[in-house]
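First chain written, first letter: the chains are A, B and C, and each begins at residue 1.
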Amino acid sequence: MNKMEKALHELAEMDELAAGTSPIHGLCAPAKLLTTIAYIAVVLSFGKYQLSGLIVMVLYPVLLFQISGVSVGSFFYKLRIVLPLVMAVGLFNPIFDRRILIQIGTVGVSGGVISMLTLMIKGVFCLMASYLLMATTPIDVLCAALRKFHLPATLVTLLLLTYRYIGVMTEELAVMTEAYALRAPGQKGIHVSAWGSFLGQLLLRSMDRAEELYNSMLLRGYHQHFHYAPVKKCTGKDAAFFLGCTACFLLLRFVDLAQLLGSLFVR
Amino acid sequence: MHMADALLAPAVAATMYVASGTAAGISIHKLKKEDDPAKLPTMAVTAALVFAGQMINYTIPGTGSSGHMCGGMLLSALLGPQAGFLSMVVILTIQCLLFGDGGLMALGANIWNMAFYGCFVGYYLIWRPIMQGKLFAGMGAKAGQRARIILASILGCVITLQLGAFSVVIETSLSGITELPFGAFLALMQPIHLAIGLVEGLITAAVLVFVYESRPELLRDVDTSDKAVSAKRSLKATIAILAVVVLVVGGGLSLLASGNPDGLEWALFGNAEEGYSENMGLDEESFGVSSAAADTAGAIQEKTALLPDYAFPESESAVGTSFSGVVGSALVAGVAVLICLAGGFFRKKKAGA
Amino acid sequence: MIEFKHVDFSYEKDRPVLRDLSFRIEKGESVGLIGANGAGKSTVMKLLLGLLSPTSGEILVDGVRVEKKTLPEIRRKLGFVLQNSDNQMFMPTVYEDMIFAPLNYGLSREAAEQRVDAVLQKLGLQELKHRHNHRISGGEKRMAAIATILAMEPEAVLMDEPSSALDPYNRRLVINTIRELKQTKLITSHDLDMILDTCERVILLSGGSIAADGPAEVILRDRALLEAHRMELPFCLAGRA
């Protein structure tokens, strides 16, 4: 499988996940979007040493994963792109910040280690939240929600049109890459002599495609306005989800549940 | 260069959203004034193409590494800065939402770092001045034009990538999440991105020169008035020019990459699948539950030591991590595991019924 | 209903694509437009739809000349099924694609949705309604593309290679669908068997002008004529020679 085929596979997977029927899938997109943003904002607002407070925030994604039935496995695969940069940045913390913050037995844990862990956990949690949003909400439904939040129609339409053609283009390139590889065994990528023409050829064809696409719009009476499927109305249930979750996030932000729980048992 | 949510404080993320949002607003306004209804489908198809095109691995001669294309320069050379910017916005949004590249909060910053510089700075300060200038005029109309395209692409990619990398450093430092001194961080990021920029510039130049040879009218600010002269020879000449530049750059890069067989991809911070397995290993360690499990182990060790000998350092009052915190975290992890078990149980029951 | 009067067309000077083309298609006729690659078939379609304008001559649809100011009126009457369904279906779902034209022509959402449902029902495609365009098979996509055009309720249906790249089952499905259409039909294709099944009249284009125009049964049986214009007898008529 080449990269493009993997990407196509990922797209198909997200589509399938989003087409599920769990209670989370049933919630309206604006409520889910706002809740996700609230979650990420709260997670990011934790200080760099507030590890125990942060860890409690795991409950939201865990609950959502369970209720929605989305598998955690495919989520881990997504981590591969973003996490390395987070790691690279975080890995320096233990080197520069060596003050011992807690002493566990004879082992002292430095501030740098804690802040590094905090950073990485933040990275994982935030990605989990947006992954859960996308795994339970089809992208066209999300776009309709964005339109509701008064995002300009141009941008939303462009997003949907692009999304529609990403599959088409990626597939075309996947086939081209395969065809190239078959005639160039042993080459890892595109040889320098084909740097320009490989993508260039497709680019020229794409321009013709864009023209045909536009013609097809014109022939069906297009005058600069796209009509999308009507958005599902948000109900009290959706509002309750958003408000309930946000209240919990805030509570967890200001009350260190882990600390509290722990102090019941220790000390 | 996709930044994750974790690298940003909410305030910085919000600021970058405002900045990118403003740029997008102005672009949409400008596009509406242009009133070219055919542009939208063209933008969509080109954006989709660039999205896919960025996945192509280009072999860099003389090294074992491969490079990728730079979307921002290509898009603004084809569509103009505003349409190019909006196309990049859409690409980055889709990457963020469906592929987990970057994050929902960091999207504003990522748009700024990658789309704004690539499209606006790249176009207004580099592409247009060079393309409209008289540079290389002595080489003849066509060869001069080609040389200008190559120069603009390379300069454009290098400079916009430097700006992008610089912004990543500033945004991360302002967010206060790294202990890495500003200067050291900068010294780490800029040279790597210089190399990446050179390679991206060459690849982008190759694509744009190809477009120029076949359909010059597709490119912005390219003078298409003069008749095309023997395209075949000129293509050869182009490849020759490219080859020379590539050799020089490739030589430099192989030095950089020598320590690591896939140096460039490593430098891209794991854009490669190669790094995947290692990353996965690390992921699971930093995943909440398992790290809490590690904490539990610590707690047990603590108990067996019988002397709960832990202490806060002097002034850090904001520190929320203490021994009780560790125990609490472990409890939370336990609850999380219970939820998982319960969920599995219920689903099995459902499937059975 | 459709009339070409002495139409000339060229993309570049001195390289005419169509030369003095004249023909008439009556209401309710189904006409196959055949010819080798480069004979000018697609150009005829594009001219008729007003995507190109003739260098000289005129084109009439229901007696109205195809020109800039009559385009909305004319395009409303003509439904064009593209060869590449991916280029035709640009909306996220089949339903949104089908409702695109009716809404653009000012129908209320309720009326438009009724129309969409009726077409889907007629073609037996109800199952496709809320499917994503990028997640349906090639055969389904072609049928959905025809459905989007029928939802416009056009007076004439133009089709560019409607049977290309389909498996035998889907090809037959498309052919049966075309046969049931009551509208005026103009179909270009290299699939002469399909033309024979769906059209009573055939116009043979060659080098930008009409080489033959007559009943499909006659022209498609004329081996000498077809071979003279770089074509072959339909398989079903060729026998096992």
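Following the convention adopted for this analysis, a contact is a pair of C-beta atoms (placed from the backbone, for glycine too) under 8 Å apart; a residue touches a chain by one contact, two chains touch by 3 or more.
Source: prediction; values computed, not measured.
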Touch graph components, with chain A removed from consideration: B | C
item: Best-connected chain pair, where connection means C-beta pairs in contact; value: A-B
item: CA centroid of chain A to CA centroid of chain B, Å; value: 15
item: Geometric centre distance via CA averages, chain C-chain B, whole Å; value: 45
item: Overlap residues in chain A, where contacts from two or more other chains coincide; value: 139, 161, 163-165, 168, 209, 213, 217, 222-223
item: Of all residues in chain B, the ones touching two or more other chains; value: 41
item: Residues of chain C touching at least two other chains; value: 90
item: Residue ranges of chain A touching chain C (in the complex, touch as defined); value: 12, 15, 138-140, 160-161, 163-165, 167-168, 209, 212-213, 215-223, 225-230
item: Chain C - residues contacting chain A, complex; value: 49, 51, 72, 75-76, 78-80, 82, 84, 86-88, 90-93, 95-96, 99-101, 103-105, 109, 132-135, 148, 152
